[in-house]
Amino acid sequence: MVERTPFLNLFTHVVLFLGFLLCIAPFAIVAIAASHNLRDVNDVPMSLLPGSDFWLNVETAWTTADLGPKLLNSFIMAAGVAGGKVIISALTAFSIVYFRYPGRTFIFWLIFVTLMLPLEVRIVPTYAVVANVLSPYQTILDLTGMTWLIEKVSGVQVSLSLGLLNSYTGLILPLVATATGTFLYRQFFLTVPDELTEAARMDGAGPLRFFLDILLPLSRNNMAALGTIMFLWAWNQYLWPLLITTDQSHATAVTELKQLIPNVGGIPEWNIAMAGTLIVMLPPLVVVVLMQRWFVRGLIATEK
Amino acid sequence: MSMIKRGLAALAAATLSTALAMPAFAEPVKFDFWFGLSGDLARVVDTMCKNFNESQKDYEAVCTSQGNYDATLQNTIAAFRAGKQPTVVQVYDVGTATMMLSGAYKPADKLMEENGYKIDYADYFPGIARYYATSKGEMLSFPFNSSTALMYWNKDAFAKIGKTEAPKTWEDVGADLQAMKDAGYECPMAINISANESWQLMEQFSAIHNQPVATKNNGYDGLDARLEVNKTKFVQYVTDLKKWYDAGLIKIKSKDLGQDMVQAFASGTCQVILTSVGDHGTVGRTQKEGMNWDVAELPAYAGTERKNSLVGGASLWVLSGKSDAEYKGAAAFLNFIHDPKTALFWSTNTGYIPVTKSGFDYMKSTGFYDKAPYKGREVAIASLTASEPTEITRGVRLGNFTQIRAEFGTQMQAIFANKVSVQEGLDALVKNGNAILERFQQTYPGKTLP
Amino acid sequence: MEKRVTFSKSTIGILFAVPQLLLIFTFFYWPAGQAIYWSLTLQQPWGGGNIWVGLDNFRSILSNPDYWNSISASLVFAGISTGLAMFIGLLLAALTDRQLAGSRFYRVVLIWPYGIAAPALAMAFRFILAPEAGFMAIVNRAWPGFWDPGLDGADAMASIIVAFSWKYVGYNFIFFLAAFQAIPRSLIEAAAMDGSGVVRRFWDIQFPLITPTIFFLLVINITESFQDSFAIVDIMTSGGPANATNLMVYKIYSDGFKGLDYSGAAAQSIILMLLIIVLTIFQFRFIERRVHYR
């Protein structure tokens, strides 16, 4: 902007700087805790002057929790969840906003309700599904008598079984099955001017063409925001990965922190625990830095 | 022609038989062990598993930490319901009643017998064995990590008030705390009043004073047991603690407040705490330079005929529905853990105590208890074996006991915040706790504790 | 809300929704259906059997004063933390969107709070909010006894509100920022030419244009403050002191996950779901009317 607003600019700088302090403080405290030795980190109040053991603690954390391969697993899981949500929610929101068919509102609410019950609360039945992801369908076949029918006709006993324990798919899919993204896209799609749709239709573009060529490019900011948030969210999942990965080869970095977080009655090595936590928090923060390139100024005017 | 044929057939048969026999030699039988410890304790368990796997080549224990006790039990249940349960699982003390009613286990004593291991169950300290055994004395699970509560006292502070011995009665404690306060100590004693402190404050106190926590011998004799801590000596105890708190002799210290009891003691801020022997190592490693301290048995009111304190920790359960080969592995694993040498390894690397007399004797013979930093931990054994367990000092066997402990925390906080009187708070604890027990009983119609 | 212009091929339209419907059926509705069944029975945790009790679970929960206390605590928590997190998020995003020097830096860092791992959050806030050791110790030195989350319920509630709002400032910030950036620069420049000041432009142009995002975040923040709060409660207060911070979802978590009372937890989940659904319908009916979609 060309105008001069010195007072407002000062206000902006002060507030943003305060916000920055607010956001950075806990990270700073964690980093300082990670630099202390065992005695100092348990000192109350803990000294805010960094200690000298930072690299030692980082190294100990890295090797004891074997974080290298675990970070890769975390990355695959978080990227899978973020990607899955960004794509699947866009498809669904497109369906709900741009088509008119019976049961459309019902489908929206059906998806929306999944926001209301966190995974932690339904973890036992969800585990059973992941242990055999086809079990719901088997039960439906059994209950409707289809199993019996198929067996009579073809002589084949239907027994569906597909276990997803200790697999990336099992880690990712249940986390994708919620509604945040669908709702976000719906909000955005509703703001896209109808003129665009009309123009596209006039040009003879079908729904798929319109979706890919016009709607998705316009959604770039929202996709970046959603992708970032979902990546952070999935990265920090704890209970679910802990439950379904008993095999070390699929364990994630956040669950491996349990090797470092002191047990009650164990040695309170919070310095090493915090060093580990710091390592684990770093990759998603780098992702945030990379994702912000996707935030761009809107190009089209929403003129009436 | 026929000769060749026969020769080929024989060759094929030979190959086949080697193929069949091969895996038994090459591949050890794997079985899962899930446990609920984290941090350095998890790493000690991992090392123990490695030692087991290297000690023989028939079995391989795949050991997975589930982070904490709650998650371990929860995850095991989820896995069990889907048929994917581990063979061996560590279940914490308060989960014992739930496990006994689950129908999901293979009795440990039977497992060992079937696989030809002779375990001398009389070798376990009775205070530990009875906690996990049925009311008839059968061992359904194996005691694993065990501890008991002790009083930690700062010798320097007590020297200031002219004492060289830890107080033995609560009456003395009251006088000593006052003397320390008068001598200028800000925090003579620290307590915490959250849910888990039920173990130190309510359960251990009741056992030592031979007071029941609940009817039906603390629940050992039936699911219709109900709490009765609102009419035992425990009322007196809470009244005294509250009185001392009001007089500034006791401070509340918890993690939520930035400094827990153990930190407060180790830094010299507070002079007396009651906590698990498991914290012995932590105090030693984080204490203020040059501070003199020691541990003693928990005090008792004057005139009490002192009984054994209770064990805390967890035991190892073997779950049902696994193969014979996995059970063989599990039996070998439990036998390995039972070994006195493993007990020494375990107690050296953690703060937990040995669970068998032979383990304790073996450790004494190696001079374990003679030198710092382990000196003093034998007090825990003395406390656990202060008497033969009575009907009500075997332990507490109540359903959904974690919920009852949570209720304990809630009511203690209400009492200390002056929202309710001591008696009102404990009455509410009994009332709400009994509702939990009733619900538990209704969930298991027609079932009885073994 | 309805679009004026839509595509006519309904079958293709439904196909677009199929992947998500399959996912939520398999991983949400099927397991959740089981939870509904549990709420009508007394379920033995290990699957040893159950008895049908009809609505008894609901009756016993709703007749428990502790539960009503938990509902009101949840509503207080949801109201205050949503307000706080959204206001601060909006303010920071609006100021960052002014694109003064350093804004590229701020828009990276201000998202970070949402990326913090639970153990780090606990460590940091214990340090900041501890009455005797941390930052609040300074306040306590000036006014002794002012801050005592260990025994004072209101202080404990304030602690978890601060921790939760702090985390969701990052969440709100990024979506607000995305919304601000989607506003064409030409619109704002045109208004500036007309001589309207920065604050004026915000209320006349930017604010109306981001109302869809405000509505989205309002619904999500309220929902998440009911859902995503249990980890914070578990770490910071464990529902205490004396149940002051025993939020609904934490109670579900501790009854079901720790206490193994699956039936009671399932019944509470359903009440929680109904409550959020009612709140959400209310928002869609009354607040969405004020949203400008175009």
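First chain written, first letter: the chains are A, B and C, and each begins at residue 1.
Simple rule for what comes next: a contact is a pair of C-beta atoms (placed from the backbone, for glycine too) under 8 Å apart; a residue touches a chain by one contact, two chains touch by 3 or more.
All values derive from a computational prediction rather than experimental measurement.
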item	value
Contact graph of the chains (line, ring, star, complete, other)	complete
Chain pair with more C-beta contacts, B-C versus A-C	A-C
Gap in Å, rounded to a whole number, between the CA centres of chain C and chain B	37
Between chain C and chain A, distance of the C-alpha-averaged centres to the nearest whole Å	15
Chain C residues counted as touching two or more neighbouring chains	127, 130, 132-134, 137, 257
Of all residues in chain B, the ones touching two or more other chains	74, 77, 81, 258-259
Multi-partner residues of chain A (at least 2 other chains)	44-45, 123-124, 128, 238, 261, 273
Interfacial residue positions of chain C with respect to chain B in the complex	42-48, 51, 60, 66, 126-127, 129-134, 137, 149-153, 156, 236-243, 254-255, 257-261, 263-264
For the chain B and chain A complex, residues of the former touching the latter	32, 34, 37-43, 62, 64-68, 71, 74-75, 77-79, 81-84, 86, 147, 196, 258-259, 262-264, 266-267, 269, 276, 278-279, 281-282, 285-286, 350-351
Residues of chain A defined as touching chain C within the complex	1-3, 5, 8-9, 12-13, 15-16, 19-20, 22-27, 29-30, 33, 44-46, 88-89, 91-92, 94-101, 104, 107, 110-118, 120-126, 128-130, 133, 136, 173-174, 176-180, 182-184, 187-191, 193-194, 197-198, 201, 206-208, 210, 221-222, 224-225, 228-229, 232-233, 235-236, 238, 254, 257, 261, 270, 273-274, 277-278, 280-281, 284-285, 288-289, 292, 295-302, 304
Chain A contact footprint on chain C (complex, rising order)	1, 3-10, 12-17, 19-21, 23-28, 30-32, 34-35, 88, 91-92, 95-96, 98, 100, 102-104, 106-121, 123-125, 127-128, 130, 132-134, 137, 166, 169-171, 174-175, 177-179, 181-189, 192, 197-199, 209, 212-213, 215-216, 219-220, 223, 227-228, 230, 249, 252-253, 256-257, 262, 265, 269, 272-273, 276-277, 280, 293-294
Chain A residues within the chain B interface of the complex	38-39, 42-45, 64, 123-124, 127-128, 131-132, 165, 238-239, 242-243, 246, 248, 255, 258-269, 273
